[in-house]
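Below you'll find the structures, each written out as C-alpha cells.
Two complexes, one shared chain (chain A), two partners (chain B, chain C).
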Partner chain A sequence: MAVELLAAPAPSRSTRRARAVALAVAQGVGTLLVVSLLIFLVTQAMPGDVARVVLGTRATPETLATLREQLGLDRPIWEQYGTWLWGVLRGDFGTSLVNGMPVSELLAGRIRNSLTLSVVAMLIMLPISLLVGIVAAQRRDRAFDQGFLGTSIVVNATPEFVTGTVLIALLGTTVFHLLPPVSFIPPGDSPLAHPEAMVLPVLTLVVSGVMYLGRLVRIAFIDAMSSEYVQTARLKGLGTPRILARHALPNALGPVIPAASLVAAYTVGGVVVVEYLFAFPGIGAALVEAVNNRDLPVIQAIVLLIAATYYVLNLVADLLAGGEPQGR
Partner chain B sequence: MTATLEVADLTIVRDADEARIVDGLSFALGPGEVLGVVGESGSGKSTVALGLLAFARPGARIAGGRVVIDGVDLLALRGGELRDARRRLAAYVAQDPATALNPALALRTQLLESLDGPPAENLDRIRRVLRTVGLPADDAFLRRKPRQLSGGQQQRIAIAMAVVARPRVIVLDEPTTGLDVSTQAKVLALVKQLCADEGIAAIYVSHDLAVVADVADRVIVMYGGELVELVPTDALLGAPRHPYSRALLAAVPSARERQVLHPIRGRAPGVGERDAGCVFRARCDFATDACLERPPLEAEPGGRLVRCVRADEVQRLTRITRVADRPERPGLVCRPAVLEAEGIDAHYGERQVLFNVSLELEPGRCLAVVGESGSGKSTLSRCLIGLHEQYEGRLRLDGEELPLTARARPAAARRELQYVFQNPFGSLNPRRTVGSSIAAALRLFGSDGRRTGAVVAEALERVEISARLAERYPAELSGGQRQRVAIARALACEPKVLLCDEVTSALDVSVQASVIELLRGLIDEGLAMLFVTHDLAIVRSIADSVVVLSEGHVVERGETAAVLDRPSHPYTQGLLADTLELPALAG
Partner chain C sequence: MSRIPLRRRLAAALISAGLLAAVAGCAATDAGASGDELVLGVVGNNKDEIQPYTATSSASADSLRQQLYDGLTAYDADGGVEMRLAESMTPNDALDVWTVKLREGVKLHDGSDFTSEDVVESVRFMLDPEHVYPAAAQIDFVDPDGVVAVDDTTVEFHLLRPAGTFAETWASRDLLMRGLDESGEVTGTGPFDLESFTPGQEARLVRFDDYWGEQPGFERLRIQFFQDQPAITNALRGGQIDVAYSVPFTDVPALEADPNLKTLVSESGSYLTMSMRVDQAPFDDPRVQEALKLVVDRQQIIDNAFGGYASLGNDFLGNNTDCPAPDVPQRAQDLERAKQLLAEAGQQDLQLDLVTDGVFPGMMETAQLYAQQAAGAGITVTVKKLDTATFLNGWGDWPFFIGYSGSPYVITAATHFLPDGVENATHFDDPAYTELALQMMGTVDHAEQCGMITRLQEIERDGGGNIVPAYPQSVVAYRAGVEGLHADLYGRTSIDYRGVTIEK
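Right after this comes the complex of A and B.
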C-alpha cells in the first residue's frame, strides 16, 4: 500500500521542481529588465542637466553641446537605453561622469567593502538570533522573553539611522568614547584590516536583524516544542539538550531559513542608510555621492546591482521555503 | 501474582484552579496482562495514560498518588532518574503516529536514541523488533523518514520504538483509531503477541469498546475522571454493573445485526463541573436520591470494582432492555431514483482513483459507500456534490441531466444536493454563530429574509438542538452538537439528497449513536442519503443498500443484509473478518 503511494509522485517531483526553478529564474530576468528600464527613466528624469553639472556654470553653449554629443545625450532616449543595456549585458557599466573612470573599476572596492559588511553582519546575526530565539522560547512569558519581545518591537519600529545614531551617541561620542563614530577605511584596504571601523555599522545591522529574526526563531521553537513528537521524545526519556538540538531544531529551522534569506536581502538594502550614516566607504555611500553629483552611470549601476542582489536572495528564500513538502 | 504496575490514588489536577481531571485512580497490573481503559472524550483517560509515565500536559499537574513499576515509584523521581525510568521501565504509543514521530529524523535515529550501549548491538535488537512488528529491517528502510511510510507502518514503528528498550509497561493511547480495520486487526494482534511473549504489561486506552473487548483481559471504565467500573472483559460484556458501562455498550453498533442504537442523553461533565454526588447522575436512568452522595468504589467477587449503589438493578435490567432489532426494510425499489450516477471515472492528476462507478439514490433510502482509505469513497461523494473537478461520467437529478461541477449547476440543483463533512470542527465557520451559518446557507438560495429566523429554528429543532443555541459559536458546542448543526445547515436548504462523508468518525460512540438515529429518522421522512464510511457496523445500522469500493472499483453491491450476511467478494469478506464485534451478550 505504502509502496504504491510512494512510487506514484516520486519521479515527477524533481522535474516539477526543476520546472519551477526555471520559471522563477525567467520571471526574475524579466523583473530585472523592467527594473533596468525604470532605473534608466528615473535617472533621466532627475532634475539638472548632466552636461552642465559636469562642466560647471561657466560652460559655453558650444562646449555643452559638444559634451552632450560625446555622452550621446542628444540621441533619442530609447537609443540611449539600448546602448546602456547592451553595455550592461557585456559587463560594461560605462564611465563615471565625474572622474572619467570606468564604473566597474570605480565600484570594485566599494562592492567588496559592502559585501564584507553585509556578510559579517549576517554571520553574527544568525547564531545570535538562534540563541536569543531559543532562550526566549524556553523561557516563554518569563522576564527574558517579555523583555526581548518588548525591545524587539521598539527596535523594529525604529528606522535604522535612528538606531545607528543612538549607538554612535552611546559608544562613539557622548557616553563612551570607545569606537570611532566615522568608519574611515583607506581606499584599497580591506575593511577587515580595520575592525574598529566595522563595529558600529555591523552592530546597527545586527541589532535590527536579531530583533526580527529572533522573534521568528522564538515562534518556530514554541511550535516545535509543543508538538507531539517532542512529547514523544520526552516520554522516551530524552534530556532537554538533545530534544532541543535533535528534535526541535531541524523542524524549527524550516520556517526560519527562508526568513533569514529575506533578512539578508533586507540587509543589502539597509546597507545604504547605514553606510551613509557612518560614512562607510561602500556602495551605499557611493550611491549617495553619485546622486549628489548627478553621476548617472554610477547611480544606474548601483541600483541595478542592489535590485539584482535582492532578487537573487528572494529567489533563494522561495526555493528554501518550497524545498520541503510542508506537512500533509 | 506480583504486580508489574501498581497505581495508587493517582490524582491529576488542572493548574489554573486545582480542579481534578483524574480523581484518585488505583489499580494493579501483572506481567503480560492487558488492561483496557474506556470512556468518552473528557473522561480523563488520555490524561491517565500520560500520568502513568509521570507526565502531564501543559496546564495540568500530577497532584498526588503513586505509579510503581517494578518497585520504582515514577512520581517520586526527578530529572535524570525519571528520564532513566522512562527509558527502561515504561513506554508510550500515541494516537496519531503522523504527529508523534519526528518528521525530520530518520527512523534509525528515532529508534536508537532511547537505547543505552553500543549502537551495533542496539541495531541488532532494533532489526529483531522491526521483524517482529512485520516491517523491513534493512538499512534502506531505517534511513527513511516517517513521511515515507503508510499510517499502519508508522504506528508499527511507534510500537517498535516503545518495545525496543524492553520496558515493563507499555501505554497505548488509542493507537488504532486512525487506521483501517485490516491494519487495526494486525496492530491489535501484534500488541497481544508482544505482551504475551515479552511479559510486558499493557494499558490500552480506547473509546472503542469492540477494540478493547478484543485486546484487553480486564477493563477500566472511566467517567468524569473517576474509575466507575473495573472488571474482567467477559464480565463487562456479559453483565455490566455500572449504568455508564451499560449505556456505552448499548450505543455500540453491530455489523452482525441491525439494531436501534441507544445514545446517552446529555453530555459528559467538563473538568471542574462535578459536584459532591455521583458524576454520572445527570445522565443516568437509574439515579435516585441516594446518588446525591458520591458512591464508594465497592470491591466485588472476581476482583471487580463498581462505583454504583444500584449495581444489582443495573445488572438485572441489562437483559431486558438490550437493544431491539430494527427490521430490515423491504428491498423492492418502487420509487424512481432521485440521483443517478453512471460511469464515473475520476482522476487525481495522472492517477485514476475511480473506475466506471455507477449508483442510484432513492428517496427514503440510504446507500452506504464502504471501503478502506484510498478506496476512492470520499472522492466519489465529492464528485457527486461537484467539488471534485477531474472526472467524467453522467449524473441525473430527478431524471434531468446534472452538470458535473458545482459551479456549472443551477442554484436549484445545488440546493437539492447537500453535503455534511467528516469533521464538524473544520466545517463550521468559527467566527459565525451557529444560526448565522445556517442563515447564510439560506440566503445563498434566495430564501425569504423574513422567514429566515423561523427556518433556522425549525432546522435546529429537527436535529434536536434547542433554538436558543442559534446564538452560540461552534467553539461553545460539543462535537456531537456541532455535527448536528452541520446537518441542520444542510436540512435548512430542504435537500432531496444528503451526502454524508464519514460524519460520525470524529465522534464518541454515544454521540455517534445519536447522530445515526437522527439520520435514520430523516431517511424515514423521505430523504435520499449517501453515507460514506469505513465502518461496517455503522453500515448495518443505517444503510438499506451498500456499495463496496476497493481501489476505485465497485467490487460488490446489494441490499445491506445480503452483502453483510453473505459477502461474495473476497475484499468484502476480508473487511468483515477484520471488523471487531462485541461478543454476544449473555442472555
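Right after this comes the complex of A and C.
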C-alpha cells in the first residue's frame, strides 16, 4: 500500500530515501537555475524592452538611452543576470522595472491570493472528485455514469477560459445576477474575507478539475472492484460499504493520489487563466502583465515560483506513487 | 496580513467552499459599493504611479491624475481653453516672456497654499532630462532657468523662442502642477486627495473639501483597475462598478438594453489612423498615397468597426480643436481611380503589411476591413497583430501601421508633422506645412490660429501619410444612479466629477 511506504521503519531504507530526497531537491534547485537562465535569455530575445514600453510612442533616442541607463539595461546581459542571481541568493528578488517597487512587496499579497484560490479549489475538488468517481464506478454504464462521462468529455475539451465565461454569463451578468462577475479583493485583505469574490473563480477551477480527476477515480475504482481480493471479500459475504471503504478505496487511491498532485500542479497553471478572466488579483494576472511590460524581475519571480511549485508537487506525486523520487 | 482568527478563516473557507448556493444568494446584495462612494472601472497597469510626471501615459494614470492635480489651464469640453490654476497669462510684445498670474486661495492637499514656487518646482522637474519625462517635449520652448517666481502668485516664463500657443500648451493633461509637502512627498490641488493606491489594483480617494473649483457631489471615489475591457463590462453589468471609463462599441447594444445602465456618447478628439512612411517607397509616391486613401469605404468602417458610433473622416487629424473644419470635399471610395493611380505609379501588384497592436477599440476591425477593401483595387494588405512591446519596438520604422492621435491640434501639429516631432512616425516633412505650423504656434489671436489650422489640415489631407477613415465617438456607460456626467471632446466624460452625484 502506497501510504505505508512513507512510514517504513527500516533505518537503512529511510537513509536511502533521505538521500534520494536530498538528491531530488538538489536536482530541483538545479532545474530552477536552468529555468531562470532560460527565462532571462528568452526575455532578452523578445522584441522590445521595458524602456520602449514605458516611454511608448513618445520615446526619443535620448530618453530611451537615459531610461535604459537608469534601469541598468545598458549593461552586458551576463552582468545583469549575475546581479539578479546574486540578489536572489540573498533573498532579494529586485525591483519592478516599470514602477520601482520591490518585487516582494508587489507580489506578497498576490501570492497569498493565488495560493488561497488554488488551495480552496483543491480542497473542494478532491472530495467531490472522489465522491463523483466512486458513484460513477458503482453505477457503471448506468445513467449517472453515462451522464458524468459525457459531461466530462465536453468540459475537458473546453478551455477554462470558455467555462469561466459561460459561468459569468450564467451567474453574474446575463441570466442570473447572483454573483459578482469580477473578483475585487482589496489590497491587504485575505480573499477568505471576500467569499463572494471567490465563488466563480473557484467554481471554474473545480468544474474542470472534477471532470478530469473524477474520471481517474472512476477507472481506479472499477479496476479495484474487479480485482480478486474484492471478489474474495464479496464471496466472504462482506457488505458493499465495507468493501468500498476497507478494500477498494485504499487500493484505488494508489494511482489517484499522484494524479491528484498533478492536478494540483495543473490547477496552479489554470489559476493564470482564471485570474485573468475574473480580474482576480493574483500572480497569474501579474505574470501576464509583467510579460507585456517586459518587466524581467517580476517575470522571473513568478515563473520561478510556479516552477518550484510544480517541482515540489511532482516530487510529492513521485514519493506517494513509487516511494522514491525519480529524477526530472 | 489580516488578523482574522483561524477558526473564522476556516469557517470562511467552508462558506466559500461548500455552500456555493448559499453564498450566491447573499453575495448579490454586497455587489455594489457602500453609500456615498463612486466606483470607476478602467483598464490599469502596474506602470502607473501617483506622481504626475511619469514616462508612461495611460487611461488609468490619467483617471487618477485628473482627480489629484490641476493644470495652469485646461481644455474645456468643446476644445477651447479655460484658465484653471492660472488666472491670467499675459505675453510681452515679442511673445517670449509670459507673465502668469495664479488664482488666489488655492490649497494643496496638505493644507498649505499653492504658490508660484510650486509652479517653478513643477516646471523645472518636468524639464530635467534626468526625469525622462516625454511630455517635456511639449514645452521645449521653456528655459528652465527662465521660470521665475516674482511673488507668491506671479510667475514669469522667459522662453527660448516666442510662443503664441502658450495657454493652449499648458492645457495639456500631461503638464499638471504639483506641490511638495514638508516631508517632500508629492501632493496636489485637485478635487480628490489620495487615501491609498495599489498599482494595477485600486486607488481610493476622498473629496478634498478645500478644493478651489466646483466640488464633486459625492464623498469617496474608488478607481478599480482592470487588466482588460471585457471584465469592465462584466463588472458594470454585475453592479460592481458605477462608471466604466469607456466601453467597446460591440458591447453598447447589450448595455443599452439593461434598464439599470445608461450610456453617454461624446464626440472625441481621439482616433486611429492608418499611417504610412512617406519618406519610403512605395509611399513616397503621391499617387500611391492617394490610391491607398481612395480604396477606403468609410461608411463600412463606421458601421462595422465602430457600430455606427463614428462620423466620416477625411484623412486629416481633425475633430481636435474648436476651429471650423476645412471646407474640402469628402474623400470617397473610388476603386477605378485607385487602380489607375497605381498603374501610373507602376505599383499594380502592391503588397503591404499593416501592423497594429490593436489596443484601442476598432483597430483590428478597421485593419481587417481595410484589407478587404484594398483587395478591390488589387492591393494585398496583410494585417499583422503584434503585442504592444513588439509594436513599440519598431515604432518609427514601420512602413505601414495603425497609429493613434489623441491630442489637441496645436500639440499634434508639432508632435506628428514637424520633421523633429517625437511622434512623427510617418516621417512627414513638408516645408510649407512646417512654416505655417510654426507661424500658427507663434500667433496669439485665436481666429487667426484657426485660419492657419484649417490650412494645415488641408495640406495633410492631400499630401500626408495618414488615412483617417472615421472619427469615432466615445461611449461611457454608467449605473442609473449616477447623475451629472458631461460629454467631453477629450475623453474626460467618465473622470470629470464636477457636479456629479450618485444615488444607490
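Basically, the second predicted complex is superposed on the first by the 287 of 328 C-alpha atoms of A that agree within 3 Å, B and C clash if a C-alpha of one lies under 4 Å from a C-alpha of the other, contacts with A are read in each partner's own complex, and residues count from 1 in each chain.
Please note the rule applied: a residue touches a chain if its C-beta (ideal position, glycine included) is under 8 Å from a C-beta of that chain, and two chains touch if they have at least 3 such contacts.
All of these numbers come straight from a predicted model, not from anything done at the bench.
Engineer: Given the touch rule stated above, what does A:237 touch, chain B (first), chain C (second), both, or neither?
Structural biologist: first
Engineer: Look at A:246 in the shared chain and tell me whether it touches chain B only, chain C only, both, or neither; answer first, second, both or neither.
Structural biologist: Once the two structures are laid over each other on A, A:246 reaches chain B alone.
Engineer: Which partner reaches more residues of chain A, chain B or chain C?
Structural biologist: Result: the larger residue contact count on chain A belongs to C.
Engineer: Considering only touches as defined above, state whether A:123 meets chain B (first), chain C (second), both or neither.
Structural biologist: second
Engineer: Who does A:229 touch here: chain B (first), chain C (second), both, or neither?
Structural biologist: first
Engineer: Residue numbers of chain A touching chain C in their complex, please.
Structural biologist: The contact residues of chain A facing chain C are 46-49, 52-60, 62-63, 66-67, 70, 96, 98-99, 101, 106, 112, 120, 123-124, 168, 171-174, 177-182, 184, 186-190, 192-193, 195-196, 198-199, 202-203, 276-279, 281, 285-286, 288-290, 292-295, 298.
Engineer: Which residues of chain C touch chain A in the complex?
Structural biologist: Those in contact with chain A are residues 1-2, 4, 9, 12-13, 15-18, 20, 23-28, 30-31, 45-49, 55-57, 129-130, 132, 134-135, 137, 196, 198-202, 224, 226-228, 231, 234-235, 237-240, 387-395, 403-404, 415, 422-423, 425.
Engineer: Sort out for me which residues of chain B touch chain A in the complex.
Structural biologist: Touch residues, chain B against chain A: 50, 53, 55, 57-58, 80, 82-88, 91-92, 94, 96, 98-105, 109, 113-114, 147-150, 152-153, 158, 161, 350-351, 374.
Engineer: Can you name the residues of chain A that touch chain B in the complex?
Structural biologist: Contact set of chain A toward chain B: 1-2, 5-6, 8, 12, 226-229, 231-239, 242, 246-247, 250-251, 254, 325, 328.
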